[in-house]
Amino acid sequence: MDILGMIAENLQAVKEKRPLVHHITNYVTVNDCANIALAIGGSPVMADDREEVEEMVSFASALVLNIGTLNARTVESMIAAGKKAKELGIPVILDPVGVGATKLRTEAARRIIEEVGPAVIRGNMSEMKFLAGMNVAIKGVDSVADEQDGQAIAENLAKQLNCVIAITGKRDIVTDGQKTCFIDNGHEILSKVTGTGCMTTSLIGVYCGAGKDWYIGTIAGILSMGIAGELAQAGLAPTDGIGMFKVRLFDSIYNLSTEKILSKGRVIGG
Amino acid sequence: MDILGMIAENLQAVKEKRPLVHHITNYVTVNDCANIALAIGGSPVMADDREEVEEMVSFASALVLNIGTLNARTVESMIAAGKKAKELGIPVILDPVGVGATKLRTEAARRIIEEVGPAVIRGNMSEMKFLAGMNVAIKGVDSVADEQDGQAIAENLAKQLNCVIAITGKRDIVTDGQKTCFIDNGHEILSKVTGTGCMTTSLIGVYCGAGKDWYIGTIAGILSMGIAGELAQAGLAPTDGIGMFKVRLFDSIYNLSTEKILSKGRVIGG
Amino acid sequence: MDILGMIAENLQAVKEKRPLVHHITNYVTVNDCANIALAIGGSPVMADDREEVEEMVSFASALVLNIGTLNARTVESMIAAGKKAKELGIPVILDPVGVGATKLRTEAARRIIEEVGPAVIRGNMSEMKFLAGMNVAIKGVDSVADEQDGQAIAENLAKQLNCVIAITGKRDIVTDGQKTCFIDNGHEILSKVTGTGCMTTSLIGVYCGAGKDWYIGTIAGILSMGIAGELAQAGLAPTDGIGMFKVRLFDSIYNLSTEKILSKGRVIGG
């Protein structure tokens, strides 16, 4: 089966299984993350207190850790939930929002990577470049931080961390260190709505919670957001803006079908 | 006056009084709760720090406690605000989100019930079944946890806790232990949007804040969300999804009238 | 250049500079604040932990402090970020949500004013009247709290605190203590959506982050929200409500142009 066929199958599994996805995430985009997870067919649950996260993640099929508005309290919750998920074989998806911008975020990302070991890390180019450089310092290997090539950065990081790495941007890159693919779906207006990155990470969580292949689940989440962004944009009137675009983005994820994935998906390599 | 007439009167009181409803609630759906309270005619205020909740609730006509993303800090704020509200005769509406899923939530719900004594508790069937079972353990009465019958669970719980109990689902049940009614409004798509339960609890808060009968206020909140869900769904185009549905849900609550309640309300018993 | 011309120039600067605006704000309206900042052309970042706010604000062009759902932890973060911003010459915009309602909010506002010294304070009449009265007690000057006249309150406060004061309402007042103007844009329905005040403060942050004149930036933020509110309302169908109004509000800010500011802006004085 080709890669779009596997993604379509993963979407089918989402609709049947309705995977519970535990999020420990920022309070800026949390409502959108919950709604996008519901729209695609998942079942989101948010809980961030140290006292309850291990219990909550035990019911889940995937765990999303997003460091967008973290604090000392939630960092510990993320580590505890992540370790429990790992122990139970539940995939952990890390969104290292703003890593490198502050010591707190950098240290949180470093700890989650070292102490938990995520199945997937999704970020933008600057975040992933920072992780690549940080990882150098941690692991003592030769620097990859100077590389301008996203593919090389992603593949090296995937090998070193033994996980799926996704760098989202105009052309998205997904790799597990062995296989690499590029996704050409999406639209620039997605960057004008806050949380489209966070929502993409939530979609990855839903797909990984319903499937067995984190590489496919990661591509599926990114591809779904890309196609939905294209469809949402295509339906706008000239006087519409990001208000209506956001409405249509949720509509498009809600109405996403295996047919649309097969006909509109633009994945190269894989 | 029949029950729909009393609900219509309660809506009229909301529009005239614009009751201030203090919320201590989760950060996932808080914006939607604020907007739905405003849309129906209430005045929401959110404040969760232990240092200010007693002052804030003193200005309010109702207090909504929602344990969706609670933590050690906010549990104490809920108890303190709840006790102050009780002392001042202000109705407390409890939404025990996820009770039974984790010890933290169960313990928080137990403490709010025992130490505060809510006027209304609204949850889904599994939450209310859990409360019924928990209450057994607390109160030492015969088990009702095995009962499959929502009505019996609700009525027993209402009598034991001396409050209004609402179980929302396909057919909603509301009882004060003496009178019981069923509400048949609503649409399945409401379950595809995060926070429609939380928003229903906020609407109950607004109605109870403007009226004097918590039983009627509870029915009114649930009925309003049900009618609004039907109207929102009826106005959708085939390509619409939960994005546009949510927009129309707020529109429908904003435009809800006593006429619509009287013509569209489907309340049985009461 | 007249005042509308200066505002149009400030909007042009926003589009070119895309200023980063650091927010420490409430969790009720934070998503809307992020989206409105993006929609006008800014770049929002939210971070509230004491450990990271000084680093984060160092990258920013403006800092928005909103005390809407503050707590003991975030108050300290606001003070620390505010002091750092001041040190670096970054304008601090204070939204004293609910000041006077509780001691916690009053004390937080007092500390931010005394220890940080905001460039701009925006609130509604009752908040600003409270600040005026509080300031009296702090500074020991004759009472202005009895004055019914918003202009006098605003001008006195601006002189005493050496900052721009904005009182928003039906007719908005902006003053730096020397110059004063009134803005007649806006629509009553803006008060039916939660967070339009917070969003206005965020827009002020974006404008001040791109321009050099806080007085003009403050007028620009308020005027933009007012014009967008008018345009959003004008586009509504009779069956629409606050759901669609909010969508159109974001669309209107996204599509705001210098032409619309020049043709629709109603600023008196200046």
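The first chain written gets the first letter, and so on, giving A, B and C; residue counts start at 1 in each chain.
By definition in this document, a residue touches a chain if its C-beta (ideal position, glycine included) is under 8 Å from a C-beta of that chain, and two chains touch if they have at least 3 such contacts.
Every value quoted in this text rests on a predicted model; they were computed, and no experiment measured them.
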item: Cα-superposition angle relating the copies chain C and chain A, to nearest 5°; value: 120
item: Interface sides of chain B and chain C: same vs different residues, half threshold; value: different
item: Separation of mean Cα positions, chain C and chain B [Å, integer]; value: 34
item: Shared interface positions of chain A, touching two or more other chains; value: 27, 31, 246-247
item: Partner chain A, residues of chain C touching it in the complex; value: 27, 30-31, 34-35, 38-39, 44-49, 51-52, 55-56, 59, 73, 235, 246-255
item: Chain A-touching residues of chain B, taken from the complex the two chains share; value: 26-29, 31-32, 68-72, 98, 101-105, 192-195, 239-244, 246-247
